[in-house]
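We call the chains A, B, C and D, going by the order they appear; numbering starts again at 1 in every chain.
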Amino acid sequence: MEDFRELGKRLSNWGRWGADDEKGTTNFITPEAIVAAALLIRTGKVFDLGVPFGPDGPQSGAGGRINPILLVSETGQDQAHFPGAFHYADDYIFMPLQAASQWDAIAHVHYDGKLYNGFPANTISPHGAKRCSIEQQGKGITGRGVLLDIARHRDVEWMQVGDMITPEELDACAAKQGVQVRSGDILHIRTGWWKKFVVEKNREEWLKGEPGIGLACCEWLSRHEIAAVCCDNIAVEALPGETDKEILPVHMVLLRDMGMTLGEILNFEELAEDCARDGIYEFFFCGPPIKFQRALGSPINPLAIK
Amino acid sequence: MEDFRELGKRLSNWGRWGADDEKGTTNFITPEAIVAAALLIRTGKVFDLGVPFGPDGPQSGAGGRINPILLVSETGQDQAHFPGAFHYADDYIFMPLQAASQWDAIAHVHYDGKLYNGFPANTISPHGAKRCSIEQQGKGITGRGVLLDIARHRDVEWMQVGDMITPEELDACAAKQGVQVRSGDILHIRTGWWKKFVVEKNREEWLKGEPGIGLACCEWLSRHEIAAVCCDNIAVEALPGETDKEILPVHMVLLRDMGMTLGEILNFEELAEDCARDGIYEFFFCGPPIKFQRALGSPINPLAIK
Amino acid sequence: MEDFRELGKRLSNWGRWGADDEKGTTNFITPEAIVAAALLIRTGKVFDLGVPFGPDGPQSGAGGRINPILLVSETGQDQAHFPGAFHYADDYIFMPLQAASQWDAIAHVHYDGKLYNGFPANTISPHGAKRCSIEQQGKGITGRGVLLDIARHRDVEWMQVGDMITPEELDACAAKQGVQVRSGDILHIRTGWWKKFVVEKNREEWLKGEPGIGLACCEWLSRHEIAAVCCDNIAVEALPGETDKEILPVHMVLLRDMGMTLGEILNFEELAEDCARDGIYEFFFCGPPIKFQRALGSPINPLAIK
Amino acid sequence: MEDFRELGKRLSNWGRWGADDEKGTTNFITPEAIVAAALLIRTGKVFDLGVPFGPDGPQSGAGGRINPILLVSETGQDQAHFPGAFHYADDYIFMPLQAASQWDAIAHVHYDGKLYNGFPANTISPHGAKRCSIEQQGKGITGRGVLLDIARHRDVEWMQVGDMITPEELDACAAKQGVQVRSGDILHIRTGWWKKFVVEKNREEWLKGEPGIGLACCEWLSRHEIAAVCCDNIAVEALPGETDKEILPVHMVLLRDMGMTLGEILNFEELAEDCARDGIYEFFFCGPPIKFQRALGSPINPLAIK
């Protein structure tokens, strides 16, 4: 097994889009790719890939992340101070930006003192990330989406903790589904892990580990010039991973070396059902992050449109 | 001037999409309309209509709304507890859900004890809205977008406080722009108000009032079967409004009687420049709300794609 | 068993200190009582009764309460913008006001549409409590403190879930300890429940129920003109309580009928050791609430000084 | 004028109470001092020195500090899920720990990479302060309080921005008031600045600068073995200060070199009136911080009791 540092160096996109680039692999999404992706909207069916943001979400408090807390500042019921009949209701949210469905900003992880494209890790301060924050993806992320339904390919409801997806399996699944992956695609990998959460409603169990991709897939993602990779688990990659010596090596290679944004905790269930029904695993994808300044991530509710 | 209650009753959509409907006018967006809208993606240019979410936003604390507060829970610099090289950065957000670019949930306003479709106002509690919350729009809001650039039509950088847009002006602007409004459109009205904020950076001044539509436009929006209306100001409607007797009568008619969602504090500047350049004021629009459960609104970063 | 409503009516302090009173039984604390209490400071030993406020606190998220979340807004390490050498660190807190050691505001509970002293329950809105908020106790709560160490009296490390303390037991414990309870005292009842949490560190277990006082003690507290009652558990009263028909009847009688403030989740361990050693169960007590406007409670760190 | 570094070195308490000390000058408060202070409680009058914590507080958002935001999570009005009559109201707070009346933790400021007692500045991380956090003062701060009413001494309602108090003025004021300062005292210096805020209610004006002590007072505080110094302004020291080369040099010397905790934004108005009336400027003081783990400060509501 190649060391993640060597792999990262080999797959590195540092400098590829200029010394100042903070967008990484979403640079693969060309205007032409977007125009082509629009043609995938054939029936007008919309699938919302975001999970609900609320008290029943998957966070347990572990790792410093809680479920979003909504607090209502106005119900409207005690308002007599406005002229006329007007009543309004308002609310606040307090939450980790990576509490539920989310994009990781490229600045989300680093090693050896460097972020993607060689920016120093100390550009991240209590005020946020000066470089590679989620704002940089503000004009995206939209284009062609492809679903690889690995759980269905394996004929299981959901894969198990630690189950590791290989490049060969990605190829086999794509072939079986009759879909080709192209440069600039936003790739969606279904492990069934979200379904497990919905069925079992057991946070502790759900967060103990997960199925996902292994290090070898990084090269596959690089070779196919994938723009972003999304998954229905919490970290895209299999946990526990290949070795005991590192945690989250796939995060390190994809985000820090390749500049590839990750979409996590998405719900592919309805979309996957539909794809199985019509055999069409490609679609128009639109998942803009909220432009939180200097943020390390953003809540999302991406739409897949067929 | 017709009283807002009479107007609201005349334009009411209560029951139109069933007694249980919580989506309102976004029901006008048909699959066919989405397919047609996709054809507007001709060059692959993407415009992000969301404003930045940060400390320099337009909120002053007035009305109980502040700018989002980002707090970094991990910078990654003091992490020695992970096996291997992994370092990560994480953050929290605390903010009103209507702090910057946002959809109003239909439950956002009410009068006479009723929300849209007759749901009782007391379905809103400290736990949020049981009915007509922003979650209901989770599969949207996407379709054909049309920009009516009223500020340019008036040949001003921005309109003034209290300037009221009439239905005749909407028609004249559309005619001059050579664009037709259709059933299911998401309508964008540019007053230049956001530009004023960017240029002057004066919150107090910006929040004192605003240009916008008047009550008479409600009928126009109803007649054209608009799905949602967006603006570059804070409340869509002109402030101060037509009479001293009521505040925000347009909110009451649109949200509560018609069930029409409002998009507020959007940035149309780059899009408007482009439309003026190519003369094309229609585009594919994709502005999914985050699915905050029982929430009265959601931050957004809608994309307009041409 | 007398119904809690009848008991509450019988022990009611409504009107006792005037129709506008919002302080309740802390009115029993006279200047003379404070002067007398000062004489209990004989050795200068200080015991802090507040528990730590942090991530390892007793809240599990159940009942909508989480442990306090501290977020550092400045570490000082990246500050080059100040003239000279100055660096500073700052932080934010997000928490329920009743997350750890706390006073309940008298407005914390109500029944039959009324708060203490007959104030309508709808004086509580999303903006907080107009009446009987914690601010009303701003000049207190200080005076003579008395510890009744029931766990020691029973010769157990800690009492068990549902164990109910009776008035007779309070009397027996006081007699054995050689202490007399007086008008205006702040009474501290030790069940050992906090020790259980510290030893077992099991939130779910700790929150399932608790030992505490029963309804019959309300009359005892009333007869002795206790100013406030504090406990080392989460709700002062035994859970489950006397009947299945009501929850928290002691809360209802003490707070709503008698206007008696409750101190919860205190740590009496060090104090109790000292009292057992020197046989002195009385002390000067000073536990001022933070003056959160319109709040339903306040975090505290009361000092017992001997 | 001596450089603050030289002054700090000369007045340094590093090592004075051991290499591990994190309490600093509150070590001057002996049990005997507390017993003696208790004798100052002669009439039982209580003065609460904390200001209200609410939306009308003095913070403007400048410097990253806002006024506390109270959000009610339960009003009790929609609760039908409890057996019996029980209704309860609950709330959350979001705020900077230094939003209103507060203790600075000794870790609040640093320079040249060191905190008080030589602890490295990088012991402060996004997780808070490992050393010299406010928890360390958990058993305090209580003892003899002395008020020096400089504003009254100068015969002004309030002093002006930049007005600097000298050691000679502290002596003259104490002499005129007939009070002597002793080792272990908690010193309160009234500039009238809080009164200015209450009268003028102008945050921006109030935060522009302030009267306070100058660097020369550090030696006076050191010589008198003061345990903690409190003021009715935002930073204890005069702003602007002595030179343009440094900001907050008094903070640096007191907190970082001497380990002296600062109490800020206190309200001495009622106490000062009483002291002027009875000529007694000494009192029992009790101002326990909330034990926020690893925090840089704590909200307080100290009581002065005469």
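The rule we apply is simple: a contact is a pair of C-beta atoms (placed from the backbone, for glycine too) under 8 Å apart; a residue touches a chain by one contact, two chains touch by 3 or more.
Please read all numbers here as calculations on a predicted model, not as lab measurements.
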| item | value |
| --- | --- |
| Partner chains that chain C and chain D have in common | A, B |
| Interface residue identity across copies chain B, chain D - same or different by half | same |
| Rotation, 0 to 180 degrees and nearest 5, that superposes chain A on copy chain D via CA atoms | 180 |
| Centroid distance [mean C-alpha coordinates] between chain D and chain A, Å | 47 |
| Gap in Å, rounded to a whole number, between the CA centres of chain C and chain A | 46 |
| Approximate Å spacing (C-alpha centroids) for the pair chain A, chain B | 26 |
| Shared-contact residues (touching 2 or more other chains) in chain C | 69, 71-75, 77, 92, 94, 122, 125-127 |
| Chain C residues within the chain B interface of the complex | 69, 71-73, 75, 92, 94, 126 |
| In the complex, chain A residues that touch chain B | 4-5, 30-35, 38-39, 41-48, 50-55, 64-65, 68, 70-77, 82-98, 107-112, 121-122, 124-129, 135, 138-140, 142, 244-249, 251-252, 284, 286-297, 299-303, 305 |
| Contact footprint of chain B on chain D as seen in their complex | 55, 61, 66, 69, 72-75, 77-78, 94, 122, 125-127 |
